[in-house]
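Given below, in the form of structure tokens, are the structures.
Two complexes follow with chain A in common, the first pairing it with chain B and the second with chain C.
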Partner chain A sequence: MISRVWAWAFLGSLIIFFVISVQITTDGRVNFLTIRNSQNILVAITPVLLLGLGQTLVIIGAGIDLSVGWVMSLASVLSALALRAAFNSGLPLFLSVVIGFLAAVVGAGFVGFLNGVIIAKLKVPAFIVTLGSSFIVRGVALLLSENTTVIGLPRGVRNYGNDALIYWIQGEGGGLYFLKRPDVTGDLLRRMNIILPYPVVLTAIVVGIIVFVLRKTQFGRHTYAIGGNLEAALRTGIPVDRHLISLYVLSSVTAGIAGFLSTLRFTAGSAVIGDALLLSSIAAVIIGGVSLFGGAGTVMGTVIGSLIIAVLTTGLVMLNVQAFWQFIVVGTVVILAVLIDQSRDLIIGRMNTG
Partner chain B sequence: MRKTIFLLLIVLLIVPLTSIVVTSQDDTLVIGFLPGVVDPFYQVMQLGVEAAAADMGVEVVTQIPETWGVQVQTPILDAMIARGDIDYLVIAPTDKDQMIGPLQAAVDAGIRIITVDTFLGDGDYTNGPVTFPISYIGSDNVEGGRISARGLAEAIGGSGKVYINSTNPNVSSVEGRAVGFNEVMDNEYPDIEVVALDFNLDDLNTATTQTAAQLEVHPDLAGIFGTNVFSAQGAGTAVINAGLGGEVQVVAYDATQFAIEQLREGTVSLVLAQKPFDMGYMAVQFAVADAAGVTSLPRRVETGFAIIDIDNVDDPEVARFIYQVP
Partner chain C sequence: MEPMLSIKNMVKRFGGLVAVNDVSLDVYPGEVVALLGDNGAGKSTLIKCVSGVYHADEGEVYFEGQLVRFSRPIEARRHGIETIYQDLALANNLDVGSNIFLGREVKKRYLGGLIRTLDNDFMLQQSQMALDSLGIHFPDLTQPIESLSGGQRQAVAIARAVYWDAKLMIMDEPTNNLGVPEQRKVLDTIRTLRERGVPIILISHTLPDIFAVSDRLIVMHRGRKVTEKKISETNTQEIVQYMVGALDDTREQ
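What follows is the complex of A and B.
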């Protein structure tokens, strides 16, 4: 966590910058740092973060997964098809949503399993395997999706994707509500804070699980060991092949969860939903300090990386700056992140020898 | 003896092959169809193209790009030119400037061009900068923007702040929609302010994030104009997310079944249907007419709109304009 001090500092200064500049451009009318906007940003990071989480595991293990964006699309389509079929066959909504979730996770996991087997057992470089599978997965998703978008989902699905744990209306006539959206309109509705939407909660749970796995379990230690020194890991008897396969399955599964969540949010499956997300997810991981050579990095780093990207998108829109600038800033931050890491290693190295 | 049998076999193989080549080189007209991207709008257009081809006895070769963009459309175009058998090309150029060069190459290869939905240059093929296409057949997108503006203005009661979410710059269709929209708001509705225009680059997640951010800057936002499927869908989702479904009015361009679902749910208040079937059908008719020597084809055909709201969505006269793909 300490090693990411500069990233936290950068995120902090970014937020301060937007607080001030948004105040100025709107004559003090709009505050960047509100409860509502913080929730907007949390919702915005969920897809990038979920893809980044799996990517973090794979990259710590000295691999790379280029298929995550399209696995997300495939999962979105599969979950929509399964959910619709289940509901139309008479199952209750909640059960249909669960079946949609399982379809996304199992379908995505299967792709990850194939990736892993070809990488670990047949010794084909991960870059090539996942590049190839991303094309295949993209084609399959488009074929299955009928017309790129799977529609006809039951209406209640929308609530699962957009409702929240807490609703809070400040001031007069307001109140605090849990789990159930208060039935208000007009001004009250516009003042309502929607806190911890379900997609954010589910993503937070996934973050928690992966943090735990990496820090506290043998699986986590093995991941760092394999990424740090493959030869040594083999000699100490770590089942490297099986472990690598698991990493790619996990990467696909987190992408699958992202696809499932987008189906709930948009009440439709989309075969193109993940198209733009691969590079953002890798950028988030790198800004977060995960070494592309493997063996180093944390989940919290990836969380900060995703936050920086989402804060930039939201802030620039609020300043009425075209989103194109976001690419320039993110690109600069990616390169700076690696430069800072390298110079820090150099300084620490000198201190140790000196 | 062996040699003779071998030769005979070769001859037997080649003769049917040449006959195949000969039959495909008869005077059946071959029309290439190259829309912008795989989506319901262009799929309905494809139905129109195929229906006309069947009615008029011409052959159609269809290639649909998987994503929108010059870099995807051009290689497909080049491959279609390289086939050498295509007489006419019905295309929706993905950029009004960048596609001029690649399509000029098609013209140089002897292919006649009809643009549908989107145009080249400024769309005036008589006096404008680009004159080589036979015709532009499509919606008057500026007019579509005007209609959307009036619909949204009515839905929000003639005053308040509105916001435009669009896809990409320099695409004649969505650009025209925003132009017409702004024009009406400026001239006819002095109490309505267009506060911003964002480009989501055809990404649903981006459209949603942008709309959410605009709702922060303008908590009193009254309406949103989504210039195409992704824009309207993303904007609608952000409105739902903020719990403002029904409070903030959304006008959606393009009558996809998804847009109609959102209309029925109350997320979207107005859907503007174009007539892609007409565009596809007429483009093939124009090609056949041109091949037959007709010289007075109009250089620009506007196919018009149907306006769908919750009151007329079940009226069969209106519902037939919803983009239905089998």
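What follows is the complex of A and C.
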């Protein structure tokens, strides 16, 4: 469908640009492309990417979900509360974490279900429904968390959110975390690199599942069909209402996973953790080439979009550029991305008719 | 011979407007029945009452001898009534195979059906066969159909209906918005279908086309059926007079 060659090229040039400019501005003391920095970038994009994944599904189906950021916050609070309660009632840590995960996913999924039912069955525009539910969800999250951070989680939670698949200590060798946690301090700890942190692994699994669903299954085909021509989908007997509800549930569930992961990472639940992420998630989706009119776009596009945003943000920070420049740059890229797509469509259109 | 489709005394009102006024008609196996009339005569409304888009206020529809009442278009399709709408009802962002199998995708099953993936190869091959059988050839079936011409899209819509064993085909102005060579293609396709014995209701404005492919024609004027004639028993001049209301079989002359 839409090729994202320029986006890959842009990402590549961005990385080269930051590698060189970070070298120059720090007189060669700081390297942009270290293992540690690359892993930091990966961890940094997981929330934006997860929200963007759900958003991708919904937007391909010609909808929009404005509630994802606040659903993530709600899920963070829910998972922290459930995890703490489970652990305090005597359950083992691993089981408590699983219960925290379920609380996040089920709670978030319920919000998505309500969004979907109101949109599909009562025919209220998605923009309005998810705008309204954003406020409601935000209120509920603040109520549940009693307007503070949910703390008092078992200490071991930290490992789930910050350990990785692989560790590597320069000069000492490496190993797999789940076989044996490296117990190091001081200089060794400073020299230790972690590769593929668990949040990244979980996010990659979600990416894989959604790529599969969109490209290989009937569900994916119907998502494109509904976004491409709703009338055709209805006349060919696709269960449109049910499908739309599923899309909003999935969108909320990916936001719920993001909330769960943030609870693990910070060993705390926060009712405001996702507040700022809605716009970033939509930006990632648009840079990735998903059409806001529906019917077009890919998950890999959204992955690149998220990567571009994360590389930009991290790179600018390393260049000591003041934080607000990030917003200006990301905003410019969003608009440029759409301009590039439009001019390409125009050229291809001319080639077809000419 | 029993009619395939039988419409009896159908009435459809939109508020005070009687769009279809007491119309009855039969369609027999293997014949092409043309439905003519000026803009606003009620042709589209009539066939939408058959295909489940609208619900008639009065009258009955019998299909294969059975009284039917379709509340949604998909129910009519499941009975074998396929409608080629003016707007075609295709997803332009999907390829030919996806469109022909839209809503009825063929799947491969893994792990005892736990995981089911689209069988794109099979659908592509079947689509190719459906198009071939209608004498239609595209260079590349895997392109999104927005890259196809209007006539080619029309062909996809028709191939879809044919593939799913349409027992009755309804075409609402299928040659509208097409160039002349493409109109000819569509007419060829209609002839092919007729040879296969698929009955067709053809709505059109273009009299030469109708005389070229139809067996019988029905003229509507302001919601009423004003005449019904065999093609061999009439000519274009006479039909035009029916269309503008100068002639009317239901009126005392």
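Simple rule for what comes next: the second predicted complex is superposed on the first by the 341 of 354 C-alpha atoms of A that agree within 3 Å, B and C clash if a C-alpha of one lies under 4 Å from a C-alpha of the other, contacts with A are read in each partner's own complex, and residues count from 1 in each chain.
Basically, a residue touches a chain if its C-beta (ideal position, glycine included) is under 8 Å from a C-beta of that chain, and two chains touch if they have at least 3 such contacts.
On a predicted model such as this, the values are computed, not experimentally measured, just so you know.
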Could you tell me if A:K123 is touching chain B, chain C, both of them or neither one (first, second, both, neither)? neither
Is A:K180 in contact with chain B, with chain C, with both, or with neither (first, second, both, neither)? neither
For A:R221, decide between first (touching chain B), second (touching chain C), both and neither. second
Which partner, once the models are overlaid, touches more of chain A's residues, chain C or chain B? B
Who does A:S270 touch here: chain B (first), chain C (second), both, or neither? first
Please identify the positions on chain A that touch both chain B and chain C, taking each partner from its own complex. none
Would you tell me which residues of chain A are touching chain C in their complex? 1, 216-218, 221-222, 224-225, 227-229, 231-238, 295-296, 352
Residues of chain B touching chain A in the complex: 38-40, 43, 66-67, 196, 198-206, 208-210, 212-214, 216-217, 219-220, 233, 237, 240-244, 247, 256-258, 261, 265, 325
Footprint of chain A on chain C - complex, ascending: 73-74, 77-78, 85, 87-94, 98, 102-105, 107, 116-118, 144, 147
Seen from chain A, its contact residues with chain B in the complex are 22, 26, 30, 32, 34, 36-37, 40, 43-44, 47, 138, 142, 146-149, 151-152, 155, 158, 162, 167, 181, 185-186, 189-190, 192, 194, 197, 262, 265-268, 270, 272-273, 275-277, 310, 313-315, 317-318, 320, 322-324
